Amino acid sequence: MRRWLRYPLLTLALLGLWLLLNESVSPGAFLLGGMLALGGAGAFAALTPPRPRVRRLAAVLRLLRDVLVEVVRSNNAVARIILQPGRAQGRRSGFVLIPLDMKNPYGLAALTCILTATPGTVWVDYDAARSTFLLHVLDLIDEEAWVRIVKDKWERRLMEIFE
Amino acid sequence: MTHAADLPLWAAVLVSLLLLVGSGLALIGSIGLLRLRSFYDRIHAPTLGTTLGIGCVLLASMAFFSVLQTRFVLHEILIAVFMVITTPVTLMLLARAALYRDRSEGSTEVPTLPVDAAQNERPGV
Amino acid sequence: MSATLLSWSVLVAQFFLVAAMGCAVFRVLRGPRAQDRVLALDTLYVNAAILVLVFGIRTGVTHYFEVALLITLFGFVATAALSKFLMRGEVIE
Amino acid sequence: MADATLLLILVGLPFAGAAVAGLMPTGARNAASILAGAVALAGLGLVGAAYPVVSEGGVLRAEFAWMPTLGLNLVLRMDGFALIFAGMVTGIGALVVLYARYYMSSDDPVPRFFSFLLAFMGAMTGVVVSGNLIQLVFFWELTSLFSFLLIGYWHHTAAARDGARMALTITGAGGLALFAGVLVLGHIVGSYDLDAVLAAGDRIREHPLYLSALILILLGALTKSAQFPFHFWLPHAMSAPTPVSAYLHSATLVKAGVFLMARLWPVLSGTDAWILIVGTAGLITLVIGAFIAIFQNDLKGLLAYSTISHLGLITLLLGLNSKLALVAAVFHTLNHAAFKASLFMAAGIIDHETGTRDIRRLSGLNRSMPFTSRLALVAAAAMAGVPLLNGFLSKEMFFAEALSAEAALPGVLNILPLAAMLASAFAVTYSLRFIHGAFFGPDPVDLPRQPHEPVAWMRFPVEILVLGCIMVGVLPAATIGPFLDVAVRSVLGDDVPYYSLAVWHGFNRPLVMSFVALAGGVLLYLLLQRRLQSGEDGPPLIRRIDGRRIFERTMVFLSWRLARRVEGLTGTRRLQPQLRLIVGAAILAAVAAVWLRGLGPGNLKPSPVDPVLALIWMVGAACALGAAWQAKFHRLAALILLGGVGLVVCITFVWFSAPDLALTQLTVEVVTTVLLLLGLRWLPKRLQVADERGPEVLTRTRRIRDLTLAVAAGGGMALFAYAVMTRTPPELLAQDFLRRAYTEGGGTNVVNVILVDFRGFDTLGEIFVVATVALVTYALLRRFRPAPDSVELPEPQRDQLEADAARMRDGEAGRLADWLIVPFTLTRLIFPVMLTVAVFLLLRGHDLPGGGFSAGMVVAIAIILQYMIGGTDWTERRLRLLPQLWVGVGLLLATGTGLAAWFFGRPFLTTYFAYAELPVIGRIPTASALLFDIGVFALVVGATLLMLVALAHQSVRGHRATPRPPAAPATREAARAAAAGED
Amino acid sequence: MELVVSIGIGVLVGSGVWLLLRPRTFQVVIGLCLLSYAVNLFIFSTGGLRSGAAAILAPGEAGSLAQYADPVPQALVLTAIVIGFATTALLLVLLLAARGLTGTDHVDGRERGR
Amino acid sequence: MTGWMNHLVMAPIVVPMLAGSLMILAGDRWRGLAVALGLVSTLALVVLAVTMLAVADEPVVRIYRLGDWPTLFGIVLVLDRLSALMLVLAAVLGLSAFVFSLARWHRAGAHFHPLFQFQLMGLNGAFLTGDLFNLFVFFEVMLAASYGMALHGSGTARVRAGLHYIVINLLASLLFLIGVSAVYGIAGTLNIADLAMRMRDIAAGDRAVLEAGLAVLGIAFLVKAAMWPLGFWLPGTYSAASAPAAAILSILSKVGVYAILRVWLLLFGAEAGASAGFGGGWLLVGGLLTIAFGSVAVLATQNLSRLAGASVLVSSGTLLAAIGAGQVSVTGGALFYLASSVLAIGAFFLLIELVERGREVGADVLAVTREAFGAGAEEDEADAHEEVGVAIPGTVAILGSAFMACAVLLAGLPPLSGFLAKFAILAPLLGHGDAGLPAANWALLAALVLSGLATVIALLRAGIEVFWASPAAKAPRVGLVEIAPVGLLLALCVALTVGAGPVMGYMQATAQSLHAPQDYLGAVTGAPARAPRGGE
């Protein structure tokens, strides 16, 4: 039982998943959903994941908002690149090697999700030994700028949340 | 579309807009798949569809069914969440696979492996 | 009015999405490399999921939601497997 | 004794004896021979017991139902004709048993010999007392079978094997022809009962099928009786032990053909066809057999050809279409049995005592074995037709018939008297050769053994037979007369012509012919003697025509070379032509069916084309065609395109109101992709090689043919599908399903209710299919051996290992765990999510899209994902999967749900549903169908995992076997350790 | 609509048959998959094609064909899909085993003319 | 028929179902348990089948409504004479093959026991079901298990032949599905009896489509029945299979024949209106060609197993041609032939392995694969090579007699039932009349006679080679459990011969009810409806 309760956030999320799937908030759904969520967390625990710690929920929400904005912005940017081949002439795409301070796997995962969700950037490779990751950028104006964007805009805030 | 007849106009406009934007983005993304020249460029294109593209359609669906059934239809959120956590797995694996394949073929387009300094110092390896 | 508007926009959206699928399939056929084909398949899956959602709006039935859900949640497993195969030469090591 | 008992014992006793003898130990020579002798004597006794009734014109008859509806009953029937044959079979049988007791070596497994001999005796008795023609065929083939075993008794010699095989092939084939003939006869008569058939003579001869029946039946009779052109098997059957030859090849087996012809003589003879076939065969055999016999250096070979000739004589007589000739035939049959059996025995004694049967080596045995010599002399004289011996009498009758028949016969047979005389002269010659060659002349030199008289008991049977020859020859009317009369009377009825069995009929033409033949024979022998003594084996002129060689060559050609050629032409062992044929046959069958009836328009108006779906299907078609195009050289592309097709199919299901199908299709799609990818690892890299295939033209032709077939199949199927879609029957089963689904099935998702309730039995069967396939897959993979070029690690992995090794210090953490950190984290998070979705799909299946199958697939996918990202070792250290347990439990749960209905007195799979009121939760449906669906779920999880995991494990085996690149021995282990160490 | 689906089935069957007649095991597997898609669609279509009429009843209702698509072919297709999946898996494993034991991926277990 | 008797019809499916499922749970580790379960199950099946044979031998056709649904709505099982006959054959063959396998084959690969049970379950289900789609499902159960049987023991030859077998059967299954669904699309039912009732009233414009579907369905059946030119897969597959597998497989081709008997006679009988007699000529011609090809194949081989496989073709061809003749009494004869040839071929397949064991070709019998991975032998292979059985005295004589019996049976020679079987087909075919015979009858007569001759020649050659020509062949070690099943099957052939009268009576009654299926149709379509039941 203790093992199951080790991941309260996940349990809650699974309960939410259940309720959304069933589109119901009846007691029955809660009861069954709760049981299933506990079971799901148990299954998760069986996979021996590293212990996630999520702090500062408010920071999470702020981050989410910024990500959304960024998603919309880069959607627009990439759509333009695709639709206007003329402008793309001067465009340069390329790889950027970014050093990271963050080690937490959940933080890294979240960073990947963010970078993937914003069109124009793709996480390519990660080197744990050197703590660097390789990013491919569609519109690479300045490598340094990208390093800064990632580190300041995302990594720092993710470290606040996960470490 | 008889079932949509009782939909208020504002909702219809909203849903229509979201649908058009969403599917338009998906189309643009797929066009990008055709137009962009290298694989590493192309890998960015579908993200339009997987983010805002599907997002808009999900919003449209939520709005449409919520208004139509006069209750909150929210389960579309799940799709969005799933998209966010599954897409990186595919794209990462794919991009890295491409990188390695290109490297092993000696392509100049991709960065070479950063070689360990300590290793370099040792002679004869 | 609502019905007309919606039916046209649904139709256009569907055309967009089918066109998008066409683009993706073209890329699958064309290649040139295996990674391009896999990427295109992934795109195809996403476009299909959106198409199913739009179809749900078109018919006003929610039964198809799960299909879209499953495409997003499981379609990626296929492309992930393909990518893994490209990278390592085998899916499960 | 009642008829039935007597006849049953007569036929059954030898078989029973055979069974007992067969069970005796190998060395029980005396016991077996006593048993056999007793059985034979008992049989003879029974025949004797029947004589009083039969001699009065009575017929013993017993009928037992066997297959009464088809007119086949066991009818045992003994009239005079059957009686004398039965007497011959048992009587000579008894003598042969006695002879064999002393002839057979104690090294041989003698009980087996007697077992076969008795069985043969039974079969032969069965033939002669059959009152039903099918039953006659039955025993007829048995005689072939047991004679095969007897001829092949010394099967360590090639001659015995070849002789036995030839005998069975010829007589067996003849028996099959006889079978067909008897069936045709049955068609004509309407019964197989002998009495009925014999009563329907006119009907038979006038029937349009008479000739067919006749030819088929004669094929049987003539092969058995070794008539030209089927005569050649008999000499080779001489490789049998001599008692066998004496019994089978003089007295019994070969007489079966004669027996049959005489038996059916009243109904089949009398037509030109009969005369032509039987007469010609007999005539040719008579002459050729006698001629060849002269030139045989083997005593038994000489006797064998002589037998052929004498059988020809009998056949010829039967073919003469005269009642007197029939009498003569029957008479000669008996006479021949007596002298030929004794001669064979004599030959056997010579062989036994001297160790050879070669006439050229033998000489002057008269001095060392005088008794045997006298006996053989008398018997040979009988064979040559010397007066005062039995052979003379029947030969005399034969000459008379030959003379009287002359005018009435068709062209070929007009030389009859001349041929008869010639053959008789030959008979004298070979008889002389037998006697003179073996017993007279100088003392033998260089024989394998020192000859002396055999033991008295071995000579005794010969003595009896020779005595018979003399008695009949001297006092025919008193000895054989009554028996012959009874026999002939039962064939011809009261219409027996006058014949006289006197020794002296006055000085007439037949007598002259006899003397001419005797003189001619002696003369011929004198002329030929020198040549024969040194000559090579075989007759002049026709030596080259070796029946056996022709037979063997024909057999090899027909039954081997030709058969193989024909099989190659009309069949194939290759897959592609077979598939082509099946596809072609299906197309043809459908086209033919439609062609015959004509196709009208359907009763449903097709709905208008939705451009979106049309476009989707253009995408789908592109995928399908692309897959067809790419599958050879770009397997991955084909696989991806297949995924595209699957997706389009899935959308089509969505489009046309089948969400359940779409869900299932999707999950199956994913698992199939993973599965095929797992398989691709073990397939060779296929590269385009220019001249991989044959000539360009051939390849193109093949492709055009396949393309045509593919287009035909596709076009045909499209048309067919359109035709079915645009039609609907007036009353559709579906109406009921929709109506009852909720009210009686308790679910709103009708498809699911059908699957787990209305047609749950289909689903039950289906999960057993899945389980079975999983088990088969597992079993197959347990024995999996990859091709040598696939054993080592895949190329990308080797590259990466080398690259990593090159840039890393030894022992430093590997890269596998590094770059997988993010996917690792995410997929572990996805795991419980997928499980929850699975439960969701499972529980709602009865009311909304979902169900056990798709839920099970979802769980399987969730686990496979962990395998993919985490690797096999990692995953299995954390999840104890026990797929076989899942499979077993799933099956039992589903079956058990079905069985539970039995306890409520309901049929299997009767479902139960009700709504239960629970605190807090409220009303929930409880349906036994859910339990069933859970069984399906468990099975699907287990079976899918069993297959995928078994396949994945091959990679693990591969890794264990592959030596790592030397530079990085610990890299992978370190990586695993790192991955594991995250806990 | 019937026309589109028929032609679709036809194209799948054509491609499938073409692949089925190829000499390489993998081609045959893909061909059988395509054929099985086509057959599934065919089974599905025999009940008629109707849009937006999934046979999911409103609770308490006795449905009728006027409102709902024919559920029987759907149930049959589900069974067919599952069986098809299982047998495809088996065929795949078998072709791997054949390749391992015979050293070739030719359907006859030996290259032609050898 | 009340109470527990009521469920008798279902039992032949349930028993192996449960046994097999339990065996999976037991796994290969507790093989003793699996053996015990298997024995119980196969024996029970024999008892059940014989009971059902007794029950079925009356005009009443028994139906079992699965799920208690009305007959035309749910799936029904139907027990009539034909299905009872097939059940008995399957059960007897199953028992024999199972006992035979206990000597060593059951250890030659994983999961033999459950696969064997599922094989029997599939067979029994196919024989009992009255529903066309359910027939498909049980065909698949049966085929899936047969894949396992055919591949049991693995090895190059098996895998190579198995690949063909599976691909062809997958194609045939697809054809089956096309046929079944076309039937549903046009006639609106899946119940065979219901379909038969509806045949007459099919609209003229729809009949072509329905018949085309049924023709495709027929092709699927004929592929399984191995009609020429659709059956080239059979000799290869059967000869590559292990002995017990081949024995049980030998009834599989008869399932195709069964399906044709059942479906064809029901649907295209006299009641079928315009469709009556559909395709009968093709069956006859195809059957004749199959006999011809089978005979040629029999002659063209010196391999005993392949010879046995070719004999299966001959027997399939004989059955198809006899059915195609379309006469009641000929069908009766065909049924007798079916029983005789199934038992004989089963015995022959078992025997071949014992016979060849003495000839040192048995060295590769288990065809154990070399461990390419170098990981050492798998545990179940360890005991695979152990010698089985003792050299019982007279082994060669016993084997020789058994071989002779099999040869006589296959060739249709006296004294065993093979001869009576051919007679039972031919006698009514030729019948009685004043006129000549139609060419088809002549052809069948010639085909049966000549195929017999071909078999004689081939078996003679093979038998002499095996038993007589080999120089002092050392007596093979044969276990009692191996020879006993052969003996059982041959003894049944003897019983068929001795009891030919009553057996033939049964067969004729079966044929009559097949050709005039009023009892069947009445029982299925007119069965009492479901009592109201269920919730609330």
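The first chain written gets the first letter, and so on, giving A, B, C, D, E and F; residue counts start at 1 in each chain.
The rule we apply is simple: contacts are C-beta pairs under 8 Å (C-beta built on N, C-alpha and C of every residue); 3 or more make two chains touch, one makes a residue touch a chain.
Note that the structure is a prediction, hence the values are computed from the model and not measured.
Shared contact partners of chain D and chain F, listed by label: E. Note on connectivity: the fewest chain-to-chain touch steps from chain C to chain E number 1. The minimum number of touch steps separating chain B from chain F is 2. Using CA-based centroids throughout, the chain positioned farthest away from chain A is D.
Comparing chain pairs B-D and D-E by the number of C-beta pairs in contact, the larger count belongs to D-E. When each chain is reduced to the mean of its CA atoms, the one lying nearest the mean of all protein CA atoms is F.
With centres taken as mean Cα positions, chain F sits 47 Å from chain C. Computed from the mean C-alpha positions, the centre of chain C lies at a distance of 59 Å from the centre of chain D. Centre-to-centre separation between chain A and chain D, using Cα means, comes to 72 Å.
With centres set at the average Cα position, the gap from chain A to chain B is 14 Å. Looking at chain F, residues 133, 137, 140, 144, 147, 151, 154, 159, 163-164, 167, 171, 178, 181-182, 184-185, 190, 369, 372 sit in touch with two or more other chains. Within chain E, contacts with two or more other chains are made by residues 20, 25, 28, 42, 45-47, 51-52, 54, 56, 72, 76, 79, 83, 86-87, 90, 94-95, 97, 100-101, 107-108.
For chain A, the set of residues touching two or more other chains reads 17, 21, 109, 112-113, 123, 125, 127, 129. Chain pairs that touch one another, listed by label: A-B, A-D, B-C, B-D, C-D, C-E, D-E, D-F, E-F.
On the chain C side of its complex with chain B, the touching residues are 1-3, 5-10, 12-14, 16-17, 19-24, 26-27, 33-36, 38-40, 42-43, 46-47, 49-50, 53-54, 56-60, 62, 65, 68-69, 72-73, 76, 79-80, 83-84, 86-87.
If you check the complex, the residues on chain C that touch chain E are 58-61, 63. Those residues of chain E that touch chain D in the shared complex are 1-31, 33-34, 37-38, 40-42, 44-65, 68-72, 74-79, 81-83, 85-90, 92-97, 99-101, 103, 105, 107-108, 112-113. By the touch rule above, chain A contacts chain D in their complex via residues 10, 14, 17-18, 21-22, 26-28, 31-32, 36-37, 39-41, 43-44, 46-50, 105-106, 108-109, 112-113, 123, 125-129. Those residues of chain A whose C-beta lies close enough to touch chain B in the complex are 17, 20-21, 23, 71-72, 75, 78-79, 81-83, 85, 93, 95, 97, 109, 112-113, 115-125, 127, 129-130, 132, 134, 136, 138.
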